[in-house]
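Same chain, two partners: chain A is paired with chain B first, then with chain C.
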Partner chain A sequence: MTLRPYFTAFGLQWKIGLRYRIAVVAGLVAQMWFGAVTLMAYASVYHAAPDVQAPLSLRQAMTYTWIQQSLFTLLPLGCLPAIGDAAKTGAIVYDLLRPVDMWNWWLSASLARLLGNAVPRAVLLACVAGPLAILVGLGAWSLAPPADLTAAVLSLLSITLGALLSATIVMWWNILTARTLSPLGSYAVGTPLAVLLSGMLLPLPLYPDWIRPFLLAQPFAGITDIPIRIYLGTPIPGGVATGLGLQLFWLTTLTLLGRLWMRQTVNRLEVQGA
Partner chain B sequence: MQPPVPAPDAITVKNLRKIYTVREGGSWRGKTREIVALDGISFSVPKGQIAGFIGPNGAGKSTAIKILSGILRPTSGEVQVNGLVPWTNRVAHVARIGVVFGQRTQLWWDLSVGEGLALLRDIYGVEPERFARNHARLAEALDLGAIMDQSVRQLSLGQRMRAEIAASLIHDPEILILDEPTIGLDAPSKLAVRAFVHELCRDRGTTVLLTTHDMHDIEALAERVIVIGHGRILADSPFEDLRMTTLSERILELDFHGTPPELALPAGAVETARAPHSLTITFDPRQIPAPALVAHVGHLSGLDDLRISRPSIDEIITRFYADHAA
Partner chain C sequence: MTHSRTLSALGLYRRMAGASIVAQLRYPGTFAIQAIGNFITTLLGFFGIWSLFRRFGSIAGWDIGTVAVLYGLVNVAFAVAETLGRGFEVFGGEYVRTGSFDRLLLRPRSTLILLLGHELRLRPIGRFLQGAFVLIAGLWLAPHVQWSAVLVLPLAIAGGAAMFLGVLIGQAALCFITVEGLEVVNVLTYGGVEAGQYPLTMFGRWLRRFITFVLPLAAVCYYPALFSLNHPDPLGVPTWIGALSPIAGFAFLGVMVLIWHRAVAGYVSSGS
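Take a look at the complex of A and B:
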């Protein structure tokens, strides 16, 4: 058993992700725009009600937004495009013809695609929203540094788990695509779920009290929300360990159930024909 | 003395059945209907043979090909390919076969041909030396030099098919399965593909299983033809045998510079078509040998030209299906 094919799948998708440089720039502009608009909205809301004790300070809400925007392409918005294409053209049968473990093969590719998209954007956006914003005198609107060194290290660990978790959720979209032979369903389901439940639309800590525990406990919180909370040093109910624990729990659960679903799907493809 | 051990069969298929269950209508509780795609077929292919699978659309060819490739599970029956059961030993099985589906691509649109081949090297775990050897051999035999650095989406269909065939052989599979490898190709590309497959079998002893709608593929390549229809094997024989048993007819075409005369034809020959300047006669050479018939018509006045042809393989197969349609 060699890991080589999985590294190869990773390398391939990473390369494809990086190949679209114009998309990176366009995405950056869009995310800066949305980030700026969101920030202005927060500023006016916070200034309108200075006495309310919000779960996040204005500065924290701004930093949350910047990180969230910079990690937009890390979200599991739909299936891996290559699998969507293969499902439409029928070339997906070739994936069954490879002497590899299909879960690991698709997972490596999905993870690479997420990282290939997200890493360049995140680095660029962090530079623009961090040092550059401070240099041009917009320090009050900038991306704040992590709460402390521990927060920095743990949030790095947490975002790594977040990326793996996101790739695992993409695997579910991939399987859905293989079953329905169309990528559309995965986008129709994946995009709203991911945008809403990851905290992209509104930071999860800013939702009403009664719903917050549920939002924290669902898997999408583990992609960016938990890492950002650790970065900001805002309290997570049960502490940082609970945050990391939730990520590990979902990673394990979704992998085990996903593998079962995959096996059943491959069986079905084998029985009904792709 | 023991009898010599026969060459082991590369592919053995026994009483293979495949029934698809399809749901009629879109509703949740729609009725299901069973479609019998393969109704108990049996055959075996010895190592190093090129066997052609022919049959109309829906005959069960693709189903059989998919089962042999390991991506489809039969309803019942036994299959061994290289001594493995394809659907129970999928990973081990697929590592030892090469497959080309003519209507689909296994290379990566975003990558060049060379990058795609390198990727397959890693997937199949081909050692660097063996890869370099195969790469050089395939690039030369399939004339890939000029397109090695082009991305797959820029290739013409003919170029792409040559690249696809190289992709299916980079790991030295013992069995090559070609599902309509010449579909949509122009004449030179078809000839190139046929020549390559022929050499592959001759020089490397690769067993080849081929499906096609192009009867010239079969004529040029297959030592053996398996005709499949309605999920059953209708014939399994050398191509020439099929031609002899199914249709021994010959066709005589006569061109005249005036109106063709009325003819009294000998037994075994019938006039089958008449045009203002030509006449077509179909005859059975067992009743009236060609030279005798030619002698019979050769003195006709106004005769410009005459040609004798055998029916095309398309006609043979069409006739064959008609005979077995009962």
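Take a look at the complex of A and C:
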């Protein structure tokens, strides 16, 4: 078994992500706008209720929001665009003919697409929201540094698992697309789920207390929420090990079930077109 | 034949809209999934605000009824604009880059009518219903609802829809320069919805000024809501302003239409 084809698939999608430099700048402006609106809203909510003991301090909620905004394109919002096109035109049969493991082939492409989009945006926004914001005197609104050195290292490990987990969820959307022969369904289902359950809409620790254990245990929390909690040093029930354990659990479960679903889908796939 | 067979602009728009609706209902499954997805996405948006309210007891001192009215107003207005303005949203990619705008110019009708007829999109019905639902719930919960709200809220929705349609037309006019559509303009549409659902007092001064004087978001949302709920403005603006301010949305649309005509007059085709 050789790994070369998977690296090629990865390299190709990674380059596609890096091609659109104007889109990166446009995305940065949009993320800063949404970040600013959200931050001001949180600031006035926190200041109006100084006695409430929230699970996140205001500074932590702000940092959470910045990291979440910078990693927006890492979320599994829908299928890989190339697979959506291939499903519509029928070109998906070429993928079936390749002498490679199709799960790994699509997974490496999906992961590269996510990282190619997210890494430049995240680095750029981290510079603007971190050092640059402090330089212009907006230190109170800036991205806080990690809690300590251990938190920094562990959150880096955790975000790596998060990226893999996100690519695995994208694989589920890819299979859904292959099954329905249209990418629209995967976006209609994927975007709302990812935006809500990852903590993009509101940091997961701020939801009502009765629902928080469920929100932590579902797979989307493993993409960005758990890495951010480790970065901030906010307590996770059972410690960092629970966080990393949940990520590994979902990664394994979704991979095994997904491979099963993919085999079943490929066996009965009917492709339209010439 | 005695009478002319030429359609009036309104008759033409009605036919194009009818054809678009029939086309979308051809795929009832896709339509249903998209509308439900739209409904759920926006509903979850309000769940986030509600959770903040539950945890902190108020939204920066505002009761949940007022915030729900603001949220409902801005979402209903945006849903109407989204339904009508699809042609402007895809204008760069589908008309300017491909050169098919040249064909529209040959037709003896206003380009605005032809682009409005590009598609009457049904998908935003999810956002519309959800916004209307939250708006009514907010009126139910708010303590001092005025009877005049029956007049002011529809005016506010119309003004808000006009303003968002103006943004879409302005975005399309920008495509004459940039060719491809720029996602940055989403800051004014989706970002406007995001900012409009919170009370104005929660924002810093630069943002308050921007969404009052540049984009008249506060005029179509915040002030009419305060008027309808008889809620004094913490920043000291008299409440009656809210009964008239939605007109600013129509004025904004008017300015964008003027810019559009200027831009069309200077249009140079991208080729064959």
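In this section, the second predicted complex is superposed on the first by the 269 of 274 C-alpha atoms of A that agree within 3 Å, B and C clash if a C-alpha of one lies under 4 Å from a C-alpha of the other, contacts with A are read in each partner's own complex, and residues count from 1 in each chain.
The rule is simple: a contact is a pair of C-beta atoms (placed from the backbone, for glycine too) under 8 Å apart; a residue touches a chain by one contact, two chains touch by 3 or more.
None of the values given here were measured: they were computed from a predicted structure.
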| item | value |
| --- | --- |
| Which superposed partner A:150 touches (first chain B, second chain C, both, neither) | neither |
| Which superposed partner A:40 touches (first chain B, second chain C, both, neither) | second |
| First, second, both or neither for A:2, with chain B first and chain C second | first |
| Touching partner for A:195 - first (chain B), second (chain C), both, neither | second |
| Which of chain B and chain C A:54 touches, first, second, both or neither | second |
| Which superposed partner A:29 touches (first chain B, second chain C, both, neither) | second |
| Complex contact set, residues of chain A against chain C | 23, 26-27, 29-30, 33-34, 36-38, 40-41, 44-49, 52, 54, 182, 184-185, 188-189, 191-192, 195-196, 201-202, 206-208 |
| Chain A residues touching chain B - in the complex, by the definition given at the top | 2, 4-5, 7-8, 12, 16, 19, 82, 85, 89-91, 93-94, 96-101, 267, 269-274 |
| Of all residues in chain C, those that touch chain A in their complex | 30, 33-34, 36-37, 40-41, 44-45, 47-48, 51-52, 54-61, 182-184, 186-187, 191, 194-195, 198, 201-204, 207 |
| Chain A-touching residues of chain B, taken from the complex the two chains share | 20-21, 63, 66, 69-73, 87, 90-92, 94-95, 97, 99, 101, 103-106, 108-111, 119, 122-125 |
